[in-house]
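Heads up, there are several structures right after this.
Across the two complexes that follow, subunit A remains constant while its partner is subunit B and subsequently subunit C.
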Partner chain A sequence: MNTLKLYLRSMGILLKCQMQYPLSFMLQTLAQLIMEGGEMLAVILLVDRFDHLNQWNAGDLYFFFGLMSVTFYLTECFGRGITGNFPYMVRTGQLDLLLTHPRGILTQVMCSAVDPRRISCIAVGTVSLVLGSRMAEVRWSPQNILLFAESVFCGFWLVLGLFLIEAVLCIHSVKSVEIANALTYGGRSACQYPVDVFPRPLRMLFTVIAPFALVMHVPASVILGKPVFGWPAWAAWISPLSGFAVFGFMVFLFSRSMRFYRSAGS
Partner chain B sequence: MSYIQVRDLCKRFYVRKKRSSESFLREKETIQALADVSFDIDRGELIGYIGPNGAGKSTTVKILSGIMTPDSGEVRVGSQIPWKDRKSYVKHIGVVFGQRMQLWWDVPILDSYSLLKDIYRIPEDAYRKRLSELSEALNLGDLLRTPLRQMSLGQRMRSELCGSLLHRPEILFLDEPTIGLDAVSKLALRDFLKWENQEHRTTILLTTHDMEDIAALCSRVMVLGHGRKLYDGQLQDLLRRYDRRRTVEIRYDRSGCIPVLPASVTMQREGDGFRLAYQPETLPTAELLALLQQAGSIREMTVQPQNIDYLIAEMYREMGL
Partner chain C sequence: MKAYLSVFRMRFRLETHYRGAALGGIACQVFFGLILVALYRALYAGKPQSMPLSHVTTYVWLQQAFFRMLLASDADLMDKIRSGGIAYDLCRPLHLYGFYYVRIMAQKLMGSLLRAGPMLLFAALLPEGWGIALPASVPALILSLAALTLGLCCICAMENLTMAFTMRTLDQRGIQAMMNLLMMILSGNVLPLTLYPDSWQRIITLLPYAQMLDAPIRLYTGETAVPQAPAILLLQAGWTLLLVGAGCLFWQRNQRRLIIQGG
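Showing the complex of A and B:
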């Protein structure tokens, strides 16, 4: 519990830091809104032109887009330490200072940054979700609400886990490697569409390696009443847990890698 | 048994060389950052750790503070090994890097301190007591409500020191704490370190390039070069060993007088006088004085020991660094 308290207090201080520059904050939030609005526009244009993609019609597509956008940007907002700052901390030796504190490294990295500008992206995602669930006539039963919450929650840890790949790589080679972005940002761009619209290799990639399909598409398709892969409904309760598995595995690799941490500079 | 024990510490780094034209593969170059370094430090000692850039000082500090794992060798601090069980070990140490700040940039340092209180799990009353003691000793006062970004370098360093001592560490590692500070800030910092060392028997290991720091604070110094320990003992003994030259400044009644001196003495004009350097071992002072007097009547003259920085430079040269 103490860790959670530390996290919340750190967030408080970081927000205070950000609010020292209110104009810059507002402009950047606006920029994010335009960026994510553009992403949504792509879906709107697609729907306008084709009106359905395989068995998915407009409402379904908005729903998938919204789910990805809310999950991904919640992670970028609250997990900014891992999704954004870590390579920089390794390169500049800022990580040394964290190592001299009696707390876990990942805890402290999580506590080191927050990105409230993402609020505009989350807002776009929410709009898309509401629009999608209206159009697809989703029934918000307690079960569906719970399943949705589980998907977002597990998605948070999945995205964090994928960002840890870059963290692990940059411990070993100090200079960060962009290869991990293919799975994180690439995964976000691809998996805002349901996974079964892709060819088999991509489907495998986003089911087995970066299981966005298991964490988001399986439960979302059940909520929409069109189970993907022909899986039974109860599978949707289990498959999102793969997000935790990815995160746990990456934490394991991360702590192994920290033994090889070489620090930087004097 | 001494408090800090270091035995045969080794650490190598691999640096990738630029690809050469002959070989297609990249070659790796090995840098021996530490080679069989051993020493002991007792509780309450204040030790200076010197050596040219790249000697391995920072590497030693990083290993001792649990940031890095050595390739081989033993380190024991109290009953603990720094890189094993890092979290419980670092509760007892404080680290200040002269070039890195741990406090938050944009908020008043008091906010940073209260977050450090949570990080170290310091009880409220102990925290209050320690903070008021430190802010008085470091003269922080009004600064507590100032964000770090509005401070001068000297103020920042004082704030950092306070932050790293809030949890009452038994050992304090300082990596070039006076780098870039003005004279007043340096003196204040030295006074504080002396006070903290005497008042709380805090063991302090200080790496620096500023020999004045060492002379003012440390009776014991360790010299490191190319990853090897070259000297460990009293600063005075070290200086005596290399302190062979004296500098003389001299001015004659008439400006036309030029002394004739043997080649072992270097001489240069300075203003209307001369500055010379000689070695009393090869040319006794009495003989030099006789030669100087032959040139004319002396108006004034001072004899000075060598500047400590020159001494160290000479020492590094003789040690082949």
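Showing the complex of A and C:
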């Protein structure tokens, strides 16, 4: 509980810092809005030209897109310490400072940054979700709401876990390793569309190794009333938990790697 | 002229040093390319379009291969503007605009040549309907190469203009981020311009962003027929001249009212 309090307190301070430059903040938030708006525009234009993607209609596709962007950018907003700053901290030796504090490294890294500019991306995602669920005539029963919340929550930890891959590689190589972005940003680009449109190797990759399909697409497809893979509805309650599995495994690898950490700072 | 050539050569060599980074970049770009091609294949399976699928896959691979050209590249200069280090460049007996223009061009050219070679080879080896198709004809290939060269000149001019804006505002993130995003959306990187609604295309293809990669790719696939090529090349050259002119003027005015930051 103490950790959570610490995290919230850090968030408060960091937010206050960011608001010291309101014009810069606003411009950057606007830039983010254009970026995510552009991504959504791409989906809208594709739907306009092709009508549907396999069994998925326009509404379904907006729903999948919204779910992905809300989840992904919530992670980038609140997990900024891991998703953005960690390689920089290793390269400059700032991480050494954290080693002297009586707290876990990951906790401190999480507390070190927040990225409120992502709020505009999350807003675009929300619009897309509302639009999608209207068009697909989703019934928001308590069950569906709960399932949706579980999916977003588990998705947060999944994305955070995938960003930890870069952190682990970075501890060993000092330089930030761009190839690790293939799974995170590549996963976001690919899995904003339902996974069953992709050929087998990509489908396996995003189900088994980076389980975006289990965490997002299985529950979302049940909410939309078109279960993917032909799985029963109860499976949708269990499969998102794989997000925790990925996060747990990566935390284990992370703490093992920290043993090999050698400072690069001066 | 000799001075600009040697600036170009130095920058060119610098870029070849980071081969490891280039390799990682290639792997990422290939992965993104595969995802996009798979998506467009699924879309085409549902509702085939008048434009053949091979044009779309070719478009995707060429965009991915020359992605580096679109990316804003000169982080050094941004730092120099903010830290005041630009004072050293002002001492050089060169035209400042030209100096930065060749630097940016060398970086973009080398960066994309290093990546485009292996990527296009990979894309050419992919099975039919996944990879890159052959150019429509030999003249089409030659014309698209000419258009690519003009496109490169156009991008460099555009980037120099962004830099000039940065000198005014000193905040590279707001304006530059916005220009980059417009570039990604309007140059066909997020979604091929050929898949935009037809009525939009008529306007979008006239903008400078479409001259950079979209125009050469259309010539390559034969979407733009050979007889129309002179008009396209003329449009590209026109935008390039306009952007270079505007950039030169802007830099000159900036230089006159320049206040060096830091000390």
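In this section, the second predicted complex is superposed on the first by the 266 of 266 C-alpha atoms of A that agree within 3 Å, B and C clash if a C-alpha of one lies under 4 Å from a C-alpha of the other, contacts with A are read in each partner's own complex, and residues count from 1 in each chain.
Simple rule for what comes next: a contact is a pair of C-beta atoms (placed from the backbone, for glycine too) under 8 Å apart; a residue touches a chain by one contact, two chains touch by 3 or more.
Predicted, not measured: the structure shown is a model, and the values here were computed from it.
Asks: Mind checking subunit B and subunit C on superposed subunit A, clash or fit?
Replies: Subunit B and subunit C fit side by side in the superposed model.
Asks: After lining up the shared chain so the two structures overlap, which partner does A:222 touch, if you call subunit B first and subunit C second: first, second, both or neither?
Replies: A:222 sits against neither subunit B nor subunit C.
Asks: Which partner does A:123 reach: the first (subunit B), the second (subunit C), both, or neither?
Replies: After superposition on chain A, A:123 lies in contact with neither partner.
Asks: Would you check which partner chain A:39 touches, where first means subunit B only, second means subunit C only, and both and neither mean what they say?
Replies: The second partner, subunit C, only.
Asks: Of the two partner chains, subunit B (first) and subunit C (second), which one does A:2 touch, if any: first, second, both, or neither?
Replies: Touch status of A:2: first partner only.
Asks: Considering only touches as defined above, state whether A:197 meets subunit B (first), subunit C (second), both or neither.
Replies: In the superposition, A:197 contacts subunit C only.
Asks: Please work out how little space separates the C-alpha atoms of subunit B and subunit C at their nearest point after superposition, in whole Å.
Replies: Shortest inter-chain C-alpha distance (subunit B to subunit C): 11 Å.
Asks: Which subunit A residues come up in both lists, the one for subunit B and the one for subunit C?
Replies: none
Asks: For subunit A, which residues count as touching subunit C in their complex?
Replies: Against subunit C, subunit A makes touches at 24, 27-28, 30-31, 34-35, 38-39, 41-42, 45-46, 48-54, 177-179, 181-182, 186, 189-190, 193, 197-199, 202.
Asks: Within the complex, which stretch of subunit A touches subunit B?
Replies: Going through subunit A, the ones touching subunit B are 2, 5-6, 9-10, 13-14, 16-17, 20, 92-94, 96-97, 99-104, 108, 259, 261-263, 265-266.
Asks: Residues of subunit B touching subunit A in their complex?
Replies: Touch list, subunit B to subunit A: 13, 53, 58, 62, 65-69, 86-88, 90-91, 93-95, 97, 99-100, 102, 104-107, 111-112, 114-115, 118-121, 147, 175-176.
Asks: Given the complex with subunit A, which residues does subunit C contribute to the contact?
Replies: Residues of subunit C touching subunit A: 21, 24-25, 27-28, 31-32, 34-36, 38-39, 42-47, 49, 171, 173-175, 177-178, 181-182, 184-185, 190-191, 195-197.
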